[in-house]
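As written, the chain order gives the labels A, B, C and D, with residue 1 at the start of each chain.
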């Protein structure tokens, strides 16, 4: 249940309500809200005089639901906005991993050349083997910060676990919580303490219900700037790396109020399929696309097979522009 | 292995090769072909003088593979062509089930009004419960035939099992083999004996490898007119009916030579998601779309929740036209 | 809804009820039953005087449910019984495919030596490729019949599609409907017309709900002798061929009244795992086990990797006996 | 590649090898080992004189593989041993969450009464919703420690994220890394720094390959005391909470050298199926079983539906004893 409190509520009463209802207390726009478990369907009558409005839910998808907030959340990055009623589709590009200054600068220049806004690059790689390249860590974050300064790009990078979450929050413009980390409350609760935008990737074994509930960890802690990212789920099919769940995206568009970014690169796992899938994603009218591109994919230290080279990325961009136009979307 | 025989091969030698290699013999265009298991990687040297060419494969996806035939197969329905180098995307419409003359005629008029070419409607419904509506059977086929005559539309309808396969072959223009019947050799082998186009739907638990091998049953029997249809696979996600596998479609576009039709209606299971998904499918550049539409969906005897009403179908068509134009595709 | 009719119901009234309720009419033991869609929750009051009892259901799992018949169905094969309150666990053995007389006779002798009752062997193989060995067909059924005569064994063999269902019904003691054919109404309806036991294998993409509804096709047609067989479902895990769903078996034991046979050979796909899994299956207290064994697995024409050799089968039998004893089960 | 170093290797050479091969260095029993990526198949010839032995692998499942260490690892908890050649099967019991002193003491007494050794109880619950009960945190760990002192039981409890991993390491005898946290390198690397036993649960979307690689994070850091726990994977079937993957367990038994504990409670999600599944697990000959039991399940603050009450747990124990005896296993 979400409860909108009266403006003049006494702090003593508020504290009692929070305690008795085991509720989160946040301010959202001009509203003062309490959020309880969706199991609570009715407010004790003693509290009724303290509230202006209330919303009852079937499940714990509450703050992120259209039945609470019917308009899409807008994320303001300063130079660019995501979601809301902007009709923007951000095309985020960059390598899987930040590997070296020259490499990431090459990516930054590519984006700049195409008038794009956001650079991606992993520094803390959530590899499934200890024997693989694990990322440059904080050194990578510093290289990304350099690119922000030099090229005026916004930066998105992934947090792997709670031990370095503060560094990622500090040095990025959008904090990415990866598919393997999205249940991590150490990360989610830290991201709830900031106002920086957070992009949560759906785990490959994660239901849509759980996905939106991960967002609730951030939203109920007071950070409204959450973006959802579908990047493929694990199914029986092995010819492709994962299965991009666009039916799930249609569900999110219908029932959630959060902006949506799609990641066809990880879903497909092979560069040959990325252009066609990216067009499909764009045609769904989503708020963003995140595409892996590397100056020299076959030399990449991670995800070599799925990254586009810069020539392919430019060609894809060129094909997306008329498609975006015909759909009334701005590719930024 | 596929073997291209010399023109002047003696029938005695041909018979011996077929027997010894346990091979299928077909004529394709002007070629005389033998097809064996892909386990055979080398031809016995005694036969070498009888062949013009040979292709070796990693798997039993042979006739349907780009490594055998690099161009997309064209299906000629007379009034309309599918695949090949036509840049056509057929928009097939109609109800889940043929229920009554008035209903199916309403569907036929809708298609005619929009200048579309192919009418769908199920007569033998592969329901999972014996207690559900099972379809009108041959009576339904007769109603569809009437629509063909009256409106000049082509007809696609589904065969449920081998007991009525001859009727479906006789009365349709495209034989649909449904997701639950696609391993049925009684059906596949019967469809191999005709030259009528066959659209094979991927089973919801079927791998891409098995999917293309189902096509091989028809192709190796001598019918080259096979279309593949992706309609959603079964995954852990239950908010939507199935999960449309567009990564799999990208794989098929890369490795198979068969035209592809997509069915977002069955994948999604809910009408609200069908328009966005249909646009995504179109943007992938596929050869066809099959969309369920019913004059009055809430009264439908099957799949009530996923059928568009005719107003929604027209609106979707209107949105698809500029998208198709921007992609260089003809919506027919 | 299942309706138990009064003994003296007039045939005119019965016909009217069948027509109006769109119901199946069967005799079960001494009862006269009508079965309608589970969507019908209440009987029209005009019919109330004609009935003795009625059962209402949440889903179309009706005749197969414990809420209709609380005791497990018993299948009587003459020489051996399955299910009911027998505490029997049948250990069915034999090769994947019947390949030759010598081979199948070797299997028959093995079973005889161990005092087992039922011989398996495929004749119509539902291969996913047209280029693989497809089985001996009717010739195989004849060889199995010979083994029945010579060794007093009961025979189970699989029907692939509706074109040969009559032959399989005629020449087997248990008709097997395989995982790929279990939605095939041509087969299911034919099996409903006989009283021969039918073992339905769960499709690898089939939900438990659909699985029991496949049984309803046979039961509602008047054949009560249905056995369910779990043989592994398709999941994201590829180290093993399928994933044996013993949680699903626990659900079936709780909610269905049909005997259950488990097939660890197909689930695992590799002989090394079959003994441990077979013990797990036995410990669940199921009514039967079906294990593939071949005199010389590496020469087998199908499923070479998962078949035990006869030495391994004997060793497994030896280990199962004390386990069965400790569980109070008879291995027959 | 795993490399066994010569005893007398100079530290300068060792450092150079580590650096050049990007290798982990551990001492295991009396051996000095370097572990590199499995991508390295051959040692630079300059290093050959410094090694005694080497093992080459197909994948990064190296230290945990039977091809490196053919015997099962033994975990010594002092009062009880797990794995090795003990023939022990530990039956771990206790509630989903530690809720109160009285509750957890009731569980401790139950185990003591049955001569069992290890008490489970969650303190940091990895709930998927922020609005659910999140566990007692450190207070719960203190209650578990009390039970250790008072009843001589060993304690297993779960770490949710890296923010409290030190507390869990300090206050438990076996550190549990849950299904949602098993990719968390903050946790895995912390557990590699201790010698305390670590039980890693397989994620519900985790492949067997990734599962064993999670163990490699701990093993390659120098902690050999790793146990694997299968607790059900997520599949299309929704009648049960998850699908217990016993085929996967057979694979682990064949290819991994780590002890295995099974968790049928979480897999099934419903108490009615737990006894039959537990017997199946025991019959596979695994090293342990972990079963949720609560003094009053319907009042439990988490997982109410799947916990046995104490009467049911005792009855299950009673049925397991003869089964264990017939299998030559000690239930401890």
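The rule is simple: a residue touches a chain if its C-beta (ideal position, glycine included) is under 8 Å from a C-beta of that chain, and two chains touch if they have at least 3 such contacts.
Here the structure is a predicted model, which is why all the values come from computation and not from measurement.
J.: B-C versus B-D: which has more C-beta pairs touching?
T.: Of the two interfaces, B-D and B-C, more C-beta pairs touch across B-C.
J.: Can you give the whole-Å distance between the Cα centres of chain B and chain C?
T.: Once rounded, the distance between the two centres reads 32 Å.
J.: If you average the CA atoms of chain B and of chain D, how far apart do the two points sit, in angstrom?
T.: 48
J.: Could you give the separation in Å between the centres of chain C and chain D, each centre being the mean of its C-alpha atoms?
T.: From the centre of chain C to the centre of chain D is 37 Å.
J.: What are the residue numbers in chain D that touch two or more other chains?
T.: Residue numbers touching two or more other chains: 205, 207, 209, 233-236, 238.
J.: Specify the contact topology among the chains shown, as one of line, ring, star, complete or other.
T.: Its topology is that of a complete graph.
J.: Inside the complex, what are the residues of chain B that reach chain A?
T.: 205, 207-209, 232-233, 235-251, 253-254, 267-268, 272-273, 276-277, 279-285, 322-323, 325-327
J.: Which residues of chain D touch chain B in the complex?
T.: 234-236, 238
J.: Show which residues of chain C lie in contact with chain B when the two form their complex.
T.: Contact set of chain C toward chain B: 22, 24, 35-39, 60, 62, 126, 128-132, 160-163, 180-181, 183-187, 203-207, 209-210, 213-214, 216-217, 220-221, 233-234.
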